[in-house]
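Quick one: structure below, then a few questions.
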């Protein structure tokens, strides 16, 4: 589908690794909707990923940047403006990583060097990006900035570890900077709280299959896919959502509005080995 | 602007009175985006309003209905399906009225007959509409239902009176029925929590000017207008938001994310007649 | 345990039926903490329950009242003030009933006469109580009013039906009237959102066993019992919580803060018949 | 007042500087309620404050500790257990500091070295404390840990700067670790979101007078004082609140439940220099 929703708009997209990435899907959809943009990721992600395919398809330049490094961000933003021919209209931040998770340090045995790094990569990078753009006056009036988040920022999901705290910090930064950007520049900043999504980054995590089954059965519309998230992100970048700012919007098939669904309860009750099948709706 | 976002989609729009109504703007935008729909309001609103102009402009049939009356709703939904040639894809519920407010009964001196009526008109009508459509199987798969709400459902604003409670009930009904509709029919139900908007219905309320000045200065992007709300509603009706359900989304220029803004504080401090001008940002 | 936390305080307690009722436990604890109070319930509940035992134990007078009837409430409040020798310091509202649930009408097939009754009994009764007390000036400065609620007001739990909407309305009324009472009388109004609790009223509901197992395993501290809820209610009545108002406080062993726990996930995975045991914490 | 609510309980109290500190008031009240505890603060705060007076009054030992330093925390916790004769039952974390605020770096011109320090002092210190206690098995079953927070974690208040993000992170850590502590040790972890309070630490901030006037007039019960916060904290430490965990509870006179109050609006309208006095309630 294509509506020309982003016709003439310019952007920067962080975080596309391979064709399972949400950022990848956002890039594809943004291209279909008429936008031009640059792509960025860390040098090592660029090496291991397949971003060149995406760049070719979308006619986009790839600019390496470590999002925790202000100089890299300055370079990225300046080059993007040069390449795109002016200020950008939209930015996607899709960045998160926890060494504590990777190294299997549980939440009551965190390594603080890793914790600081989790926060820097997954949350402070968003402030650095916004501050860099602010100083370079790099975003157009009525521009739209989106960062991807997860419901672990509000509710504990075992195993999500210090990434939960990073997402809470990320959402707070979106709110805090959204105030400044709204007041001074008429630019909006929001986070999208997406269903758990099977990406290459996340697929190695043990226990994720059970969780995704649970969220699938709990969400009345099922888990939201990466493609669907891309569509919603396009709506948030478009001129249809100009007055939505400082919000964290759940794009999750309804999971966040649920306490317990009939479908998940039936599955749970099987585990109980009882014949207590729920009768009420 | 037009993107053909609703091309081929059918709908029902409640609550257009005159060209200040949000529902009026939604109808205009839905028409521009390629939708066909019926319009409805109470018989008395139809008499005093200017809905025929809108109907003509949008090529829409007007069907009178008292939204608290299930038979009226059945008639409306059946006729709409006949006229539009099948199930509908979207519905807008923009209905609210409090006799306690009109008759200046303050919240600690409510008349319970009026309170029940406030709830019936402003909230239960939404359940009646959803249940009627459910029984008539009147909404297409991946259809979208939106009701307009207000932040008084979460935070007390003096003077909003029993309408605040009605909006809380409305949002709960959206959530409760959103679960059923999502699970059984793949249809989404959401509420949009809109900035205070100067409509004909609301303009008579004393004290509203001060409040709207306050929300204007508190919201980083200013109050959202009826036109902007219509644009956001279109996005919620479109296929870009298929997995958003059971949510209450603030379309308010950022007001809901604010505790106190610099602009509002400056204004407030003038009232304090002090020279305590805030220095920090 | 007894701390004399309510020494010299007077109150009214709604909703004690038998010794499984939360209100029953609150009465016992309030008595232990030095309070005097009246007990009330509907005439029919008084017939079928065992409230006389409680009244004797607590040295309390029982006054029948239908909480949806303003005259009954006036009589109750006036008599309570006579018996107790002045204004009251605390009130517990523990009232809820849905004929739709009782008659097994599912949420997409509600009878509206019942729905109105659900709201009247479970939510509007709270407004009627507060308004009656307001007009009779029946609550002392720094008094405390508590109503019992449930997380279904925020998140859908299948089967809770129109009671979810009633609880959302109840919490809104607490907030709306809390503003007036705080501003004019320095009285606080809050709701306690309690774990699902096995009471006589709730025990007949099918499917409740599975749900309570799920909430038990999801809540890090397990479900909160009626006795524990009584203790928390005493704290909310005491002078230690004078500045907490217009809040809905979760007393639920942590359930509301959870997305998914390890314990519940293990149980759920058994139902999946997989060997995907979660490895991460 | 004294109820012996903490009789026989042992604790650690962070953050008492002088008699305006909330932590100071908590210490006084904990002492009155029968607890024994150690006091702690950074070496420099101990030099400039008057903590020795408090220590004498409460019969408490003062142990210096930099709460960002795990070794210091280990020493503090071990010594506290030695002095108090066993595990502790309660801990108060009242720690926050932003060099960006102190050095007047606005939010769109933060120094990242300072930002990291703000997070480390105001939020990560709480994780370090909890993890240290966890490893040392230093908290008794049904113990209670409280950290002080502020509504800036949810809503932007201009000037609160990166402290807002730190409070959001702090509340997330309370939730995340509350899950582990609840599940494994039956210990609860909560945050109290307190009204703005005139302490020595906060009193130098420009613009705070206007803000406190606004919150005073907006909160139906007025701003909560440090003494009142101490009372509420005692309730949270007591056995009356055993099943409340992973919560952020507003102790703010109702501010968090308000959108706009009549009193604040009247003041605001004076600034508007209009005669639009609100007529509705």
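Letters A, B, C and D name the chains as they come in the text, with residue numbers starting at 1 for each one.
FYI, a residue touches a chain if its C-beta (ideal position, glycine included) is under 8 Å from a C-beta of that chain, and two chains touch if they have at least 3 such contacts.
These figures come from a predicted structure and were not determined experimentally.
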Listing by label each chain that touches subunit A and subunit D gives B, C
Of all chains, the one whose CA centroid lies most distant from that of subunit C is A
Counting C-beta pairs in contact for B-D and for B-C, the higher total belongs to B-D
Whole-Å distance, C-alpha centre of subunit C to that of subunit D, is 29
Per the C-alpha means, the centres of subunit B and subunit D lie apart by a whole-Å value of 40
Distance between the CA centroids of subunit B and subunit C (whole Å) is 32
Where subunit D touches two or more other chains simultaneously, the residues are 107-108, 155-156, 158, 161, 175, 178-180, 246, 257-258, 261-262, 281
Counting only contacts in the complex, subunit B reaches subunit D at residues 101, 104, 106-108, 151-152, 154-159, 161, 205-207, 209-211, 213-214, 257-262, 264-265, 267-274, 276-281
In the complex, subunit C touches subunit D at residues 1, 3-5, 175, 178-183, 186, 188, 195, 219-222, 224-225, 228-229, 231-232, 234-235, 238-247, 249-254, 256-258, 261-263, 281
Listed in rising order, the residues of subunit C that touch subunit B in the complex are 70, 107-110, 112, 115-116, 119-120, 124, 127-128, 130-131, 134-135, 153, 155-156, 158, 161-162, 164-165, 168-169, 171-173, 175-180, 184, 246
